[in-house]
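For clarity, chains are labelled A, B and C in written order, and residue numbers in each chain start from 1.
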Amino acid sequence: MTISREDIEKVAVLARIRVDDEQVSALENDLGNILDLVDQLSAADTDAVEPLAHPLDAVQRLRPDEVTETNQREAFQAIAPATENGLYLVPRVIE
Amino acid sequence: MQWDIVIGLEIHVQLATQTKIFSGSSTAYGAEPNTQANAVDLAMPGTLPVPNEQAFRYAIMFGLAVNAEIERRSVFERKNYFYPDLPKGYQTTQLERPIVGPGHVDIDLANGQTKRVRIHHAHLEEDAGKSLHEDFHGMTGVDLNRAGTPLIEVVTEPDMSNAEEAVAFAKKLHSLVTSLGICDGDMSQGSMRFDVNISLKPKGSDTLGTRTETKNLNSFRFMEQAIAHEVERQMDILEDGGVIVQETRLYNGDRDESRSMRTKEEANDYRYFPCPDLLPVEIDDAFIEHARSRLPELPDARKARFKEQYSLNDYDAGLLSGDAKLSAFFEEAVSHGKDAKLTANWIQGEFSARLNAEEKTVAESPITGAQLGDLIVRIADNTVSSSGAKKVFETLWNGESDNVDAIIDAQGLKQVSDTGELEKMVDEVLAGMPDQVAQYQGEDDPKKRKKMLGGFMGPLMKASKGQGNPKLFNEILVKKLGG
Amino acid sequence: MHNKSVAELSRDLESGKVSSVELAQQFLDRIKQQDDQFNSFISVTEDQALADAKAADEQRAAGNATPWTGIPFAHKDIFCTSGVRTTCGSRMLENFVPPYNATVTENFRKAGAVCLGKTNMDEFAMGSSNESSHFGPVTNPWGLSNGEKRVPGGSSGGSAAAVAARLVPAATATDTGGSIRQPAALCGITGLKPTYGRVSRYGMIAFASSLDQGGTMARTAEDNALMLNVMAGFDPKDSTSVDRAVPDYTATLNEPLKGLRIGLPKEYFSDQLSPAMEEQVRAAVKEYEKLGATVKEVSLPNAKLAIAAYYVIAPAEASANLSRFDGVRYGYRCEDPKDLMDLYTRTRAEGFGTEVKRRILVGTYALSAGYFDAYYLKAQKVRRLIQQDFINAFKEVDVLMSPTTPSPAFAQGEKTSDPVTMYLEDIFTIAVNLAGVPAMSVPAGFVDGLPVGLQIIANYFDEARLLNAAHQFQQVTDWHQREPQ
């Protein structure tokens, strides 16, 4: 399985990772090799097989609707890159 | 060319839980920014979600109320996209296995007919935070208090064919979720938000046209305007031979404009997959029955009861039964005021007008149902005139006093209903207006006579310092003037 | 002192032979003197450790000691430690100091253990050689005497090297595709990956949520049992945590192995395995036969598909798990972003290393429109086939045994140029994670002076049997006692 430069560029945008031309070339090779490895899957006969998302056949536990958290804004914003008036700051978002 | 309009709705309903869908943070509205955003809500590394039982109970109550199938096994999935108000970089939602399956809601139309709108499904998901675009040196501020608030997204079939039906459905849904107590219904705070899917097709055609989605409408009025606007926009394009582009649009209600939200990037590829931090949720019979046992009276049943119990007409019963808080207010008032029709009139008149003028909800009303009921009693037993009653209402509303009788006494609003006293006043006034009396008695047309009668009321009310019972004055006048 | 096990140190503390403060100071001195050659620690928390040791001594004096009170150990730098930098081996979290503890961290604190620092690891636990760490590679203590710089394995390479070099008697670790067992094998120590759901993942920075599991590293099976006693248990903060009673894992260590049914999966004794490695593993199995176990060949017919399935599922989950590192709320943020897109793409390009980016891109691709069914869904179906293989095998036998790795520790730089060659390092360990069963690696000999690991796999929640089998083996062998020079 080969993966094209265009595919890599598209996926890099989806994943929000900047890649330069040189990196795209390296990725073309590396991702191609990884996908070759992964392509072994196509050999498996899985017609009647249900997908397995989780190793344990367990069901979700639900939590009672009780407030357990208190305001810790100061502690959390002490490790934030940019805040002002209690808000996290990002470059202007245009909707 | 004639066109058929095809409308489907997606409605985000914020659930009135105490805590978020995946964390124990409070969901209370109006807190200081980010004071209700904790480790899980902020997507701190290593933190994990644990779902809120109440969110499931509420979703199931909704499902039962819209006659839907409850899915016994629902699965959370991750919807991947980057946005500053989405801390994890994915929204945890349901796609393949939503908690609420197909159902339906019946809506009443102005022509007296009932129409059935099918619900495709409703799923549970988490809300995002809020981006604030005020000026922070050209930056955007992000408040994540709302991030993780539980929502159900209700998706209808494209069963509505005009704005009236869409708005009627939206109002019905609002009435349902507020009656169920699963949503506070406060649209100004974003508790319910509507996305409208609209397409046009040649009249009678079986083939659906390309649709657009107009997002985040947060009032019934904007929704109505946005539909009218979008229908017109599409019609103009189609009639000029153009094609509709499938896209998401943003409607600006203040300017009655809309624009495409498409960015320069490619169409989103959300890469849904089952969330590996969460297991399938299995709902058993006992859980469903418990939710069913908590279902309150729903608007349709309440409307029927109001007609029966209070002898209200269809219109009054419909208006008063739709909103759970308004219904409760009405019933509290009636339990004090007895006269249901008069109570209904006051609620739809003075009370609603004041709420609207001050953009308040029923819950925020400064006067209680009991107080209005007390006032109704005094109107019905002629203690106050209707103009006096308005003054009492005003005083209650402004919070200057909370006791109807005390207000009547303090402001001297008690009507004089002593017939002897009133007769004396009539005699005095008539004696001072001989020309008018003669004119009246010389008139044969009963309509004109009735009108002329009004000419005596002003001086009479003045003479009684506004406290004379107008009804009694009227009776005495007619008698004294000889019919 | 540094050669003593946790069990032995616990007894010394109990008898008053040594204090917690003395013990902490001795191991801290050893780290200071020796870790330059291994680079097994990212952070050493001397002040905190000495304060904790003092508190531990006070607890003991007050009569409130547990077997862990005052025992020095280290956390893999993937477990969040409140007030202590937690990097996950990444530039992205180079200065990240969480204001909260992982549940595992909390459990060791409550038990009174003294954490000396945070160990090095492959970035976001993605790697099999500890060469993808932003904080530099870790060097395996074995082979150094010959002037060779060999990898310790990964991703828990720092924990494995620190335990092997006697810098700490025990360390926590995590295992997504072999990240406990492979480095344990390459460093000649004992490591256990518990059943998925046995140890809470809360506060353990996620790589692939349905595969990640916290576990133990020490020199002896007994110490692994002591660790698991502290780590295992239900956690209401982790939806995938299992609410099931935790036995005392030390209680069954001395059960005789007579009648233990061992299965040897024929797929794990294939031509990928060097004859010298195979010889060591077969010799170890012979020891078990001497202890009364029976041995038969079994088959895991879909095991050969495990690597392929893993390299879809793990990157897919990781691609979403690592989206939270966006430069907005914590962690690395690029300089002067010109707009939002620039903030995201540069923060993530600069904050993540090559292997992490590679896996995010593979995972994004596998989940993207048009590929989801062929990759992700197909991999999940194969995952069920692999799980079924184990279920079937455990109908016939009590444990499975195999080599942990196809070869001993390789030289640094040997496999960094080709990711696929590196991925094949985990060929014998990955299926276990896909199935979610528990497994150990136990020292079982040497090839060319380098340690060889025996992998033992058990049925779901049968950690006690694994530890029992490993402990009995260690009563009749001394591979686990060998010390690198």
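Note that in this section a residue touches a chain if its C-beta (ideal position, glycine included) is under 8 Å from a C-beta of that chain, and two chains touch if they have at least 3 such contacts.
Labels paired with UniProt names: A = Aspartyl/glutamyl-tRNA(Asn/Gln) amidotransferase subunit C.
Since this is a predicted model, take the numbers as computed values, not measurements.
Contact count check for B-C and A-C (C-beta pairs in contact): higher for A-C.
When each chain is reduced to the average of its Cα atoms, B sits farthest from chain C.
In this assembly, the C-alpha centroid of chain A lies 40 Å from the C-alpha centroid of chain B. Between the Cα centres of chain B and chain C there is a gap of 57 Å. One finds 23 Å separating the Cα centroids of chain A and chain C. Of all residues in chain C, those that touch two or more other chains are 96, 98-99, 210, 236, 239-240, 319, 323, 326, 328-330, 340, 344, 364, 368. Within chain A, residues 10, 13-14, 16, 53-54, 56, 58, 60-61, 63, 72, 76, 82, 88, 90-93 each touch two or more of the remaining chains.
The residues of chain B that reach two or more other chains are 39, 42, 44, 50-51, 80, 82, 84, 142, 269, 271, 276, 278-279, listed in rising order. The part of chain B that touches chain A in the complex is made up of residues 17-19, 23-26, 32-39, 42, 44, 50-56, 80, 82, 84, 131-133, 136, 138-144, 250, 261, 265-266, 269, 271, 274, 276, 278-282. Of all the residues in chain C, the ones that touch chain A in their complex are 96-99, 196-197, 210, 236, 239-240, 242-243, 302, 304-305, 307-309, 311-312, 319, 323, 326-331, 333, 337-346, 348-349, 352, 357-358, 360-362, 364-366, 368, 374-375, 377-385, 387, 418-420, 423, 434-437, 460. Across the complex, chain B is touched by residues 10, 13-14, 16, 53-54, 56, 58-69, 71-73, 76-77, 82, 84-93, 95 of chain A. Of all the residues in chain B, the ones that touch chain C in their complex are 39, 42-51, 78, 80, 82, 84, 87-90, 142, 269, 271-273, 276-279. Those residues of chain C that touch chain B in the complex are listed here as 79-80, 86, 88, 93, 96, 98-100, 102, 201-206, 208-210, 236-240, 316-317, 319-320, 323-326, 328-330, 340, 344, 364, 367-369, 372, 376.
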